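Input: structures, listed below.
The following pair of complexes shares a single chain, chain A, combined with chain B in the former and chain C in the latter.
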Partner chain A sequence: MKTKIIIMLILGLVSVSTIQAQKQRDDFKIQVDGLGCPFCAYGLEKKFKEFKGIKNVAIDIETGDFTFTFPSDKKLTLLQVKTQVEEAGYTPVTIKITRANGEIEVSEKEKE
Partner chain B sequence: MKKYVGSLIAIMLFNLIGLAQGPPIILDKIILLGSNSFTARTLTEYRNTERGDFVYTPFSLSYLPTSNTTFTVDVPFINYDFESGSSGSSLADIRLTGKYQFYQKNATGKTFRILIKTEQTLPTGESLDLIGLSTGLYQGYYGILGGYESLKFGITSELGYNWIPDGTLDHLRYKLGFGLPLLKPQFPNKQINLYFEYSSFWIFERDWYQLLYAQGIQYAGKDYTIELSAQIPIVNDVDADRELNYSLFIGGRYTF
Partner chain C sequence: MKKVLILLSIIIVSCNSPKKEEKKTIKEWTLKEVIKIDGINPIGIALKGEELWLSDSDHNRLVQIDTTGNIIKTVNDFDRPMHIDANTTSIYVPQYGIDTVTVLTNNTRKVVPLQIELDAPAGVSTYKDELAIVDFYNNQIHYNNGNQWSSFGSEGNANGQFYYPTDVQITSNEIWVADAYNHRVQVFDKKGVFVRAIAWDQGINAATGIFVSKDEVFVTDFENDRVLIFDHKGVLKQELKDKVNKPTDMIIKENILYTLNYRQSTINAYVLESVLKK
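What follows is the complex of A and B.
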């Protein structure tokens, strides 16, 4: 019985910390123009990997949707994201950031 | 003369209606990778001509300091075996290339870019009079490169002038490349592309003109490509003992 309680407590702690860790990441969704070939999309991914801590990178080549998560304590801004897309050689059309605390930030075009 | 101009106009018109996709094998590519990235590449050519057989192996390293500028150094080696009897191996002409993209228009899944390009060929090779491989002469090339790429098709073309101080190998160069992706676009990338590439050279002083066609295939992974191509002449208006029979290319590139 005692062992069961300890195991359940450990499992509970692990799940709480996992949820906590997930919550501590901001979600980014960017609509990128100019991804003309799949090989070239690697340039975009590589450029964003300069941001240490980036995870869950996904690029839908056909729609230009580029998503990733980033530690919320590093407060990656809309401007930093826009600049990084441009330095990769592409055009950021819209940028949407869903912060870990639920706040949503969008670029000007996204608001339109 | 009319024939040369006719051929050039024909492929330029073809340019307007052609469809293609991807980073070309023989042609230069428009800039599509971000700043602060490197690409290492080799594309070995086996060239069979009436004058002899040649194997040309360049080792290239490109660096993009910004998203619209790239610098490349090519260090090539050549193995030659002339019909006349002489043969050997040596360093070929080292080439320094710079490209600057001055126009870019992007849309979803497509991009159009125009660049200026210069190549400075250093006289590091033996004087073998192998144009584009080993001449032992300083050469300066100045051209314009344009490309449209989309997930369904794209075009790459290049027009430029190669200048040599004594004028003996001055020539006009026009290239046009088409490609065709065989698989659905996906990320991380896994793609097989077919390439159809035309290259033409008009060497004024010798009054030589060549129009070459290359058929290639490329496997592109996430950050590398492996490519094969075979090139044959369509127009081979050069001295009979200098005619190209065919060239074979094999190589790959890795981006980091």
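What follows is the complex of A and C.
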């Protein structure tokens, strides 16, 4: 009986932590150069929709600020973000990722 | 002798006196009204019969308005509808976010069947039984002459090439393309053969919208907050700047020119008036 309860507890803890991990999201903040018009902004949005799980997409045409969140367990990298912005036809000036666990990653230009 | 001298001096004075500046009467579009369309960020405008329809891409919807800006009807659940077009019965909606062109007839939606894979359709044009689609990321125009599809264009800045085109209009003999980031308009015949380019010398920064009337071509200069008006050969006739802010599209309804201001949620209404010009 004791063993069963312990196993149940462990399973419960594992599943709770798995669900939490799935809910955890990384924050992405990118400064994009060349976003002139709504066609550019929505083009960028469209290209990033290819990353399944992307949410909270916000693009400010005036400032070039592009933000979104992404499931942390998928570990989207700086390089993947840079490549996708370029694929959309624009230039990423700076990229900053705030991981769900608090770690911060920045592109080279951001470091400067 | 004295008489001769007097005559000579009169001639000299008359030659040196400033010439009267010749003025002639021409017709120009004059701003009459700025119509507020609160809550709408318009990208495209189309006439479905007598109905004025806007695409409000920021809110993924189409909106029918009256000429005072009141919303009459809203149709939701589009994915970034851009430069729409319409005939008397249907609205053609390029859904930029999901690579489809949808035809809205009353409350029924039908997707235009295509063999080609679009990558961000930015605009459509319908003319009789013809249809043209601007394919933004593929830098192409797809044209259906009523029987079959053909495509033309590739990435570049030579004649016949595009750099992120955003709008198109079919007329009786030609296909006009807003070649947005080559900052010009290109004209093709219906076989897709390049005919001419216009507006390339006007310092445009993103020619994102185009409207061709019987005598004139209207081009939006998005970044410079201008609407430029040319004749069909490309001669600049007029520049609209006052109260123009991030213009996206234009149309003429009952002799009134409507231009859209994307950022300010307004529409400018102009009428043709006779003005004296030097």
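We adopt the following convention: the second predicted complex is superposed on the first by the 89 of 112 C-alpha atoms of A that agree within 3 Å, B and C clash if a C-alpha of one lies under 4 Å from a C-alpha of the other, contacts with A are read in each partner's own complex, and residues count from 1 in each chain.
Here is the rule we use: a residue touches a chain if its C-beta (ideal position, glycine included) is under 8 Å from a C-beta of that chain, and two chains touch if they have at least 3 such contacts.
Quick caveat: nothing in here was measured; it's all calculated off a predicted structure.
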item: Joint occupancy of chain A by chain B and chain C, clash or fit; value: clash
item: Partner touching more residues of chain A, whether chain B or chain C; value: B
item: First, second, both or neither for A:Ala58, with chain B first and chain C second; value: first
item: Contacts of A:Cys37 with chain B and chain C, given as first, second, both or neither; value: both
item: Which of chain B and chain C A:Lys49 touches, first, second, both or neither; value: second
item: First (chain B), second (chain C), both or neither touched by A:Thr91; value: first
item: Overlapping contact positions on chain A, where the chain C interface meets the chain B interface; value: 36-39, 42-43, 45-46, 89
item: Partner chain A, residues of chain C touching it in the complex; value: 41, 43, 57-58, 80, 82, 96-97, 120, 122, 136-137, 164, 166, 180, 205-206, 208, 222-223, 246, 248, 262
item: Of all residues in chain B, those that touch chain A in their complex; value: 21-23, 31-37, 66-68, 104, 106-111, 148-151, 154, 181, 185-191, 220, 222-223, 225, 255
item: Sites on chain A touched by chain B in the complex; value: 31, 33-47, 50, 58-64, 86-91, 93
item: In the complex with chain C, residue positions of chain A that touch it; value: 36-39, 42-43, 45-46, 49, 89
